[in-house]
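Going by the order they are written in, the chains are A, B and C; count residues from 1 in each one.
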Amino acid sequence: MATLTLYSVAYDIARGLLGVLGSVLPAGARAVVLSGDAVTGLAVLVFAAVLLAASMLNTILLIWWERKLLGRFMDRRGAMHVGYAGLLQNFADGLKLFRKHTFPPREADGLGFYFGPTAYMVTSLAIFGILPISSGWNSGALPLSLLLALTIFSFAPLFIFVSAWSSNNKYSLMGGLRSAAQMIAYEVPLLLAVVAVVVLAGSFDLTTIVYEQRNYWFWGPLFLALIVFVAAMLAEMERIPFDLPEAEAELVEGWNTEYGGMLFAFFMLADYLRALVGSILVVLLFLGGWTLPSWVPAGLSSFPLAGILWFMVKTYAVFGLFVWVRASLPRVRTDQLLRVGWNRMIPLALLSVFLAAAVVTVRCVPVLGCVPSMGA
Amino acid sequence: MSEMWINMGPQHPMTHGLWNLRVRIDGEMIRDVDPEIGYLHRGIEKISEDRHYNEVITLMDRCCYVAGFAWEHLYILAAEQALHVTPPERAEYLRTMSDELQRIASHLMWYAAFVQDLGLMSPFLYGMRDRDLVLDLLQDYTGARMTYEYMRVGGVRSDLPAGFTDRARKVLDWLSDRFHEYDQLCLGSAIFRKRCDGLGVLRANDAVAHGVTGPMLRSAGLKRDLRKDRPYAAYDRLEFDVALADGADVTARYLVRMEELRQSVRIVRQVLDWLDRHPGPSVADRLPRWLGAPYAPIGNEGYLLKRSYPKGIGFSSVEEPHGEAQAYVVNDGGEHPYRVKFRSPVFANISAARQYLVGYHVADIPPIMGSVDVCVGEVDR
Amino acid sequence: MQPDDLANALRPKLGPRLRAVEPFEGTAGRVRFDRTAALDLFRAVRDDLGFGHLSMVAGIDWVDRREVVYVVWSDAARQYAILSTDLPADDAHVESASPVWPSANWHEREAWEMVDIGFDHHPDIRHLLMPDGYAFHPLLRSFKLHEPEELEVKARHV
């Protein structure tokens, strides 16, 4: 069986659609419609549409998951009334935000005010085109997909700063400055932790990294890197305890103070998109992606769409961990955050890189088994 | 970045009310602060001059919306001195219980708001949940959750409903089990300690000079509690300890308030026991007629207004949840108080803001002001 | 501490400017003094008698005169004392207590805007509860409620 990738499905759909269209068109037009370029173009559009729908749906589900989990942590029930167990509450909220008018402040910079959230949203969405979700839901072989994903992921502070500065509000500006400082500080340990994974897997390709975990998941030998990665990810996602760029107690809403309506929804959605990306990256890099350990009965992983199911289960579990952290920890202060970032996180990340190198050199870890040979 | 002034308020999540903290910042550092109040000024002192003595009680509930009982009690004490009235003993115990239940509710409200300022989300809900139980108790015997209008010059409006003491004990048992959880969530968290230790330090001599009272003063190690030093109502007949800490910082204020919660539970238990042992006649019937039985007509045509009292001046001072509140009531013999002056503890605590805010980070303002426990209703009156 | 103790301690310093010390239930006493003695009295009360804590400054409008009431607390004696002075209504001003007790600052600002009592050498006299530019003194007896007031509120911060 040829590997059925997301793009190939999209290609088939596009060809089918165009075939139907072509059958009712005159011959000259049919040739144009059925040409390779047209099919490829439509296939890309279908691909993007499926991705958009899936990522938005998951994001909204993620918000519901967070609300329900937080509710339980706080001895209450969370959203209950719209839809079953409040499942449709977020759609209602989204609809409300969609209908609201956006008021730019009179002194705001028009271009930056609108460009910032839009670009933030777009770049956050774009990452989903790169991340493999299962052996089938896969954008195909991208030898540097991990690097590409992290590159796009790290655009965010730029756009946050642009929107914060152009809001012309002191709170927004302070939030933007904090955001920039924080993201730059935590970018380094984040990437170093990833380097440890890359050293162990021997590849920058996310699909390969997942397959390299067939003997054991990387969280075992790279536990230190996992800790650093999760902490840095929390900072990158700007969630409690690292949510000081939008610390509502002192900065009102930080860099999105002046935003309302759909532009605020962009920020909100993009935040959760990034949270989703963060959880997905943790699953891909440390928790074996869509695979299950070999001791799990094969029946659990051989039914249709099993990969996607287990991937989602893991992702939501990881995000649940983030929610747990949010429910139980207070917010740290900027200087404390930066000090931890530069003084603690980076040495730990470097140490984890050395550990990864050591594991690769030794090749066989007691209990866990052996590292697959490079490029196998 | 050069220095700039930012307005934290009047609509700002830090304020917990309606006031404005102007802050001059240099980057993230606080260089100067200038609190501005008055946004909630309703002229309670002026309105009181147009009201009968018992009608002022309505305003007192609105003075501080989280500690209505303490303010009722404050005014009642001053008015009783001005009018030369003494309440029955049972009323004193009921007032004491009301005061302490109110202190629990107020401190739980403070706890919820304070942890929320630190970004702790769950304890906020826990504090509000438990405060609700106390409010249910208050509703049980006053009929209201916020604006009680329960105390009267010369007594209280009504006695307890049947079975109240058992219901109250159940709530107190639940509460005393929870305090330990609160402590674990806050003191047990390294981030909490990092955020709060050594923050907003206000030493005892500065605190005294700037008129700071209440938990803020006791957190600096100065043992001053009007319930002990100048006992009013039934406090001289009850056993409790004064909560003290010596850090003078945010953590110390947290410790003091948590200890006060425990002591308040202890006091309420004793009062409940006393009430059970002394079923006594209902206090409602023993109100002086000329001061208004519980449902006496109060209004322009009522018999209350056509009365003149012997002249007098009343001064009272109670340990409100936020600190020392004082009332000065001048009775010139007319039907209304001639002049009513209230001293709000938070008013003085805010006025000293420069002492405990300058030199810290912007991000420290919410926890510090949270530890001050601002209630704007009583600041602006 | 009894009213006599207060009188005995203060009389040598103030002489006739100390008008009287009356008993006041629940406090050490009510000290009536001449306004020219204000600062001397404040210093003596704080330094010699240990009343280190100024709780409250209240202004009272008696129509023909105005009264300023100070409430002070002593941690050593665990007692309040009340200081009170009369000011003529047409020339109501007294020395500020802020240099002695910093806590007087806001209380005096309030007394000034509410009862129109001037405090000399006050470090920072401006409106506290009322908006800047407010032309009335609401707690004067002449200020009647239910009267429409015409008020121009100047923008506080530009």
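In the analysis below, contacts are C-beta pairs under 8 Å (C-beta built on N, C-alpha and C of every residue); 3 or more make two chains touch, one makes a residue touch a chain.
The structure presented is a predicted model; accordingly, all values stated were derived computationally and were not measured.
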| item | value |
| --- | --- |
| Chain ID, smallest distance between chain and overall C-alpha centroids | B |
| Chain whose average C-alpha position is farthest from chain C's own | A |
| For chain A paired with chain C, centre-to-centre distance based on mean C-alpha positions, whole Å | 64 |
| Chain B and chain C, separation of their C-alpha mean positions in angstrom | 25 |
| Chain centre separation in whole Å, for chain B relative to chain A (CA means) | 48 |
| Interface hub residues of chain A, defined as touching at least two other chains | none |
| Chain C-facing residues of chain B, complex | 7, 22, 36-38, 41, 43, 45-47, 50, 81, 208-213, 222, 224, 229-230, 313, 315-317, 324, 326, 328, 330, 338-339, 341, 343, 347-348, 351-352, 380-381 |
| Touch list for chain B against partner chain A, complex | 1, 4, 6, 8, 12-14, 28, 115-122, 124-126, 129, 185, 189, 191-192, 194-195, 361-366 |
| Complex contact set, residues of chain C against chain B | 24-27, 52-56, 58, 60-61, 69, 71, 75, 78-80, 82, 101-103, 105-107, 114, 127-131, 138-139, 143, 145, 156-157 |
| Chain B partner contacts - residues on chain A that touch it in the complex | 70, 73-76, 170-171, 174, 177, 240-241, 243-244, 247-252, 326-336 |
